[in-house]
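What follows is a pair of complexes built around subunit A, which joins subunit B in one and subunit C in the other.
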Partner chain A sequence: MLHRYEFYLAGVLVLLASVIAVLNPTFLSLSNLFDLCKSSTVLGIFALGVLIVLLSGGIDISFTAIAAFSMYVTSKVLLAANPSGSIVTAFLIAGCLGLLLGLFNAFFISCYRLPTLIVTLGSASVFRGFLLGFVGTKIVTSLPVSMVDFSKRSLFSTTLPGGETIGLSASFLLLIAATVAVWALLRYTMLGKGIYTLGGNPEAAARAGFNITHLQFFIYGLVGFLSGVAGLIHACLMRNANPFDLVGTELTVIAAVVLGGASITGGRGTVLGTILGVFLLVTISNSLILLGVPSYWQKVLIGSVIVISTGITARREWGALHGVVTG
Partner chain B sequence: MQDAFLDIRHISKRFGGVQALRDVSLTISRGEVHCLVGENGSGKSTLIKVIAGVCRPDEGEIVINGQRTEHLRPIDAVREGIQVIYQDLSLFPNLTVAENLAINTLMEQGCHWATPRRIRRVASEAVARLGFEIDLQKEVAQISVAEQQLVAIARALLQDARLIIMDEPTTALTHKEIESLFGIIRSLQTRGISTLFVSHKLTEVLEISEKITVLRNGGKAADGDASSFDYGSLVHHMTGREIHGLEYPPSREGKRGSPLLRVRGLGRCGAFHDVSFDLHRGEAMGITGMLGSGRTDLAMSLFGLVTADAGTIEIDGARMTPGDIQDAMARGIAYIPEDRLTQGLFLEQSIERNIAVADPESSTHWSGWLNLSRMRETAHKWMTALSIAAPSVALPVQSLSGGNQQKVVLARWLAGEARILILNGPTVGVDVGAKAEIHTKLMKLARKGMGIIVISDDLPELASLCQRVLVMHRGRVVDQLMTAEGNESTLAARLSELE
Partner chain C sequence: MGSSARSCDRLSDARNNVSLLKGLPAERATARLLVITIVVLIVMSLLNPGRFFTYRNFTSMCFQFPELGIFSLAIMLSLITGGIDLSIISIGNLVGIIAALILTRATAADPSAAVLAMYIVAAISAAFATSIVCGWVNGILISRFAITPILATLGTMQLFMGISLVITRGHAIADYPKAAQALGNATLAGIPVPLLVFLLLACIVQGMLSRTRLGLHMCLMGTNPVAARFSGLDIRRLLVRTYLLTAVSSGVAGLVVISRTNSAKADYGSSYLLQAVFVAILGGVNPRGGFGSAWGVLLAVLSLQFLSSGLNMLQLNETIGPYINNFAKEFTWGVLLLLMMVVNYYCDRSRTE
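Entry: the complex of A and B
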């Protein structure tokens, strides 16, 4: 327990929350906590996807472009074809679009053995360019009814003395579902072990009988699917579909995952750590707003978080590898 | 033969223009320990690949358990009980011991669920079968190389291995660990499990094997009972020539005048303590000890790769700045690391660039631009001097064999005019012929007045190269043996006392 990274991460989170609560008691108000959960939803689902890619020894920076593409196209299609379509249909469309774009990445990564960074860097630009050039650049401000309803739906809503009604956004359930699913995948299935083996020693993974091509199609497909879903949640929560949104937040997501203890070089990382990393990062930026720090400083902070947490992870791994083997 | 497990007959294999295997036959009985020896490039790896079904022979047939197999695929080989433990062990450093043990078996059984309980069950069975103890929840990156090897063997046994092929298993092991590995091989033998042991280290081969097959240039050079071979005849069959000079007359220089290198009370917290010695011109000194005895840290601190926090290092009477590689190089210290592939060479770069890099001054014009013609000249000079076998100096170093790669590292430091050469495991993974050549070169250098420090596990190497050997244990120099008075066996006896 004591030598687990997640333990310290949780400690830092609790410490940080206490400090902020002392400086600004509104931090602990129910409405702010619900808000934190809401802000964590999209970031969290993205982070789960990034975790899977990092574990497999790759890196994906096209997921925000996939998300923007899926949510914008889904909103447009739904408005044009079936404005009264259910929210399930919307999520299905967005998920499938994301899946397809993810498979596009997988095709180049596994069939041509290209570096994942290069492929996703290129495809991110392709997806975004295609979206803005062929689908549209206008913000969709009146979303389909079902999406608006979804954004209003909340769990445990209460009315505050002032008459304001607050509640936990229903979208948070999707984060919980995704977390449990990815956790179970990594902990209980051969497929999950395959992802770890691919990040640890790809050659040995192939010798053990894993089909590397299938694994990569699964990984990038799943990341695409999660991104599509997260994109749609983002549109619902924002009450508009803006094709310029999301792209640019890749770094924040990767920062959260690395902060959660995942190794940028592959093979190591946990779902618990990732979720803690997301909450920590969301708490930091939320509290900066509460404390009145200009938002530009958030960028400085996120950059520092990446550098420091990658440094810590690298040191831990170096210690693990070299602590025993020095002759 | 009735109890033959594996019988391969008249196997030939070509890769493009290269005849990798020519009419090779080999029979392994149940419970037999068979050794396959040969220099680099003699076809050992190809033969292993053929047996494992990874590589399909052009001619010949493979008979397993009396059954002729037309087309042996890797999965068939595994089903027949053939398990290869490759040199890199094929483990997953980021997974736990238990997961490493279980994953191949679960994969083979076609499982989709890998619950922690199932993994633990399979792993404990693996450990029980081999009969060793290990923390199943530890990450493989955190266990020693010897333990990793045990994990790899246990994993192979789990898949009902009938024949375990071990490719150079002892390279990274200490004497004691090699002994316990041999114990395991013998206990497998009593259970009727055969071992095909591939190694460069001939003393080990003679110790463990019952049958030996020697390959040379893709053909079988000799085979027979181990008792019918000795060290000399094995070397002869492997190289096709007599290798002389495995005994070197020690250089008579040294011990005269002030020492070239004087080390006093050198220490580094947690690694080694209070090490003092002198190294004279023309002297070759050995350092041995178990992995973790501090010998590598000592060597690295002499070169400034790690900073010593106590004591002094003097070269020709002048104090060296601790932890300053530039200073060490300027004073003529050269360090050739243990792992030349990752620490000593730029594998994708050409031979000439690899040689030129230690001596930037003479490979550049006064203006700072590279002097390409002089670089090429220097490279040619050293290729001839060290007889590096390569068609061109422009070839990448990774295209060379292990022995030739090691010579390139050596050439680099000689081109840089080193005066003190520190070699960590200079002939690990180098075949017999090249090893003798490297030894001869080192002796020549010593005779020219260079000071040489050799860190090695290879006791015959130390006994023949060095006049004295420092024995390290738990970070301290516990003994100093003169090889004139004590030879290999006293050295071995002293080391096993420590362990």
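Entry: the complex of A and C
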């Protein structure tokens, strides 16, 4: 266990949390912890999708555009067709839209063997351009009732001495569900093994009998689905559907996944590491205000964290390659 | 015997193709791109009679595209070696801010011409020094620490932008002496200075890629890093030099930006990053490394500028105008990139079969 990256990552997270808690006890208050969980939800679901793509040796930067597209179109469709539709319908529509856009990526990546970075770069422009150019640019401020209800629902709530009621947002349950599902997929199914193998060595994966085309359609479809769901959660939590949201955060999500120990060249990475990476990044960016650090230092800190953590990961892989035992 | 004879045939085939200047994928892509650029130019001229094909429009376009063009050249250098530099825009802005700090002093002091010239020289020197430091950091992270380029520069992108934010506290640093604004706004013999800077840099980059040992080694490393290492190239030094060149080019773009806009900001032009990758790929740079030319980048940035300006003018048109906005343009760009790659795929396949 001492040789596992996740162990050190968890250690850093605990250390960081202790330091912040000593400097400002508000950090450990229930409302702050609930806030951290809420901020981790959308980022966490995105990160699970990105993990799957990275494991397969690809990279996807269109997932935020997919999320923005799904959330905005779903909100509009629901308002126009069935304003009282249930939240399940909303998630189904958003998920399916995301799935379709993900398959669009898979088509180009798989059928034309194009580099994933460039395909998703192009498709991100296509999705975002189509959304803002032809669907609409106005923020939907009055969401369908079911979405508003969903945002207000909490798993358990307590009333603070001041009379304020706080609770853990129900959306956090979706992050847990997605985490367990992706973990089970990677750990116990043949598809999961295929994803790891594809990232480790595509040639070997093909020789071992994995159908690369099917795998890629599955991977990018799943990422699209997860992004669509995450997008809708974002809209619910914000209580509006802003088509300009989310796009621009893709590199932060990739950074969180890489911080979690996933290798960008594929084949290496774990769900646990990814979730720890997300919590670490969210804790850093949310706690600067608690510590009284001016917000303009945030980027310097996050940049340093990425450089240092990728440096450690790279040294580790180099060590593994050359038979040197390192932390 | 048979197989060696066949490989000889193939070798002579390859020689013939090279001598006809049609063989390399990048060159064929450039030829196709030239056709596309001309078609876009003609279509936009016909759709906007009397407005598009005018001296005034061309001058205004020539002030607009060089910034993106220089950033695209910068990222092309990193793409050719099989890597990528995501920090180009952050470097450009940081360099611009450092130069702006010195230039605003000059404005405040209102010095004589000779002293002003010294201020400007100091600003440019500081700008180059900054870009060299940034490029060196990237190069060291990638070569010594063996971090994948995309990750190392993802981190330094945030880091450099963070440093800019800390220096400026998020405000713009504006108002430079008139002389310092010339780089982005003046014309020389009727030609906009930013365009001249871009063309000069394109010539230098193209000359370096096709005529110097460094350029050849960069292409070699991008084509096959393993072969490059075993043929005795000093990969580490090559990587550091590549990211130094990328950073210095980004720095030049940063100077043009602050000079043209008369202000420096930590978060200027963040959309340029993806556009620069986009222009480089459209210009025939192989995203897997090995190929690329400055002429391709020039054509790509021109065709996008024609398209963008032409679509802008079409907004005045009564029938199609209402359907066109900036986002429809973004959509068109994305479709164009995907289409271009599919066309390249079919063209390359039909040749090899």
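Note that the second predicted complex is superposed on the first by the 319 of 327 C-alpha atoms of A that agree within 3 Å, B and C clash if a C-alpha of one lies under 4 Å from a C-alpha of the other, contacts with A are read in each partner's own complex, and residues count from 1 in each chain.
One rule holds for everything that comes next: a contact is a pair of C-beta atoms (placed from the backbone, for glycine too) under 8 Å apart; a residue touches a chain by one contact, two chains touch by 3 or more.
Since the structure is predicted, the reported quantities are computational estimates derived from the model, not experimental observations.
J.: Check the residue A:Thr310 against both partner chains and state whether it touches subunit B (first), subunit C (second), both, or neither.
T.: After superposing on A, A:Thr310 lies in contact with subunit C but is clear of subunit B.
J.: Considering only the touch criterion stated at the top, classify A:Leu191 as touching first (subunit B), second (subunit C), both, or neither.
T.: Touch status of A:Leu191: first partner only.
J.: Could you tell me if A:Tyr220 is touching subunit B, subunit C, both of them or neither one (first, second, both, neither)?
T.: neither
J.: Taking the superposition as given, does A:Lys299 touch the first partner, subunit B, the second, subunit C, both, or neither?
T.: Second partner only, subunit C.
J.: Does subunit A have more residues touched by subunit B or by subunit C?
T.: C
J.: Starting from the residues of subunit A touching subunit B, keep only those that also touch subunit C in the other complex, and list them.
T.: Shared contact residues on subunit A (touching subunit B in one complex, subunit C in the other): 317.
J.: Of all residues in subunit A, which touch subunit B in the complex?
T.: Touch list, subunit A to subunit B: 187-193, 196-197, 199-201, 203-205, 207-210, 263, 266-268, 317, 320-321, 323-327.
J.: Mind pulling up the subunit C residues that touch subunit A in the complex?
T.: Residues 84, 86, 141, 145-148, 150-152, 154-163, 165-166, 169-170, 270, 274, 277-278, 281, 287-288, 323, 325-335, 337-338, 341-342, 345 of subunit C touch subunit A in their complex.
J.: Using the touch definition from the top, list the residues of subunit A that touch subunit C in their complex.
T.: Against subunit C, subunit A makes touches at 59, 108, 112-115, 117-119, 121-134, 137, 248, 251, 254-255, 258, 264-265, 294, 296-304, 306-307, 310-311, 314-315, 317-318.
J.: What part of subunit B is in contact with subunit A in the complex they form?
T.: Result: residues 75, 86, 88, 90-95, 99, 103-104, 106-108, 111-116, 139, 141-145, 271, 291-297, 338 of subunit B touch subunit A.
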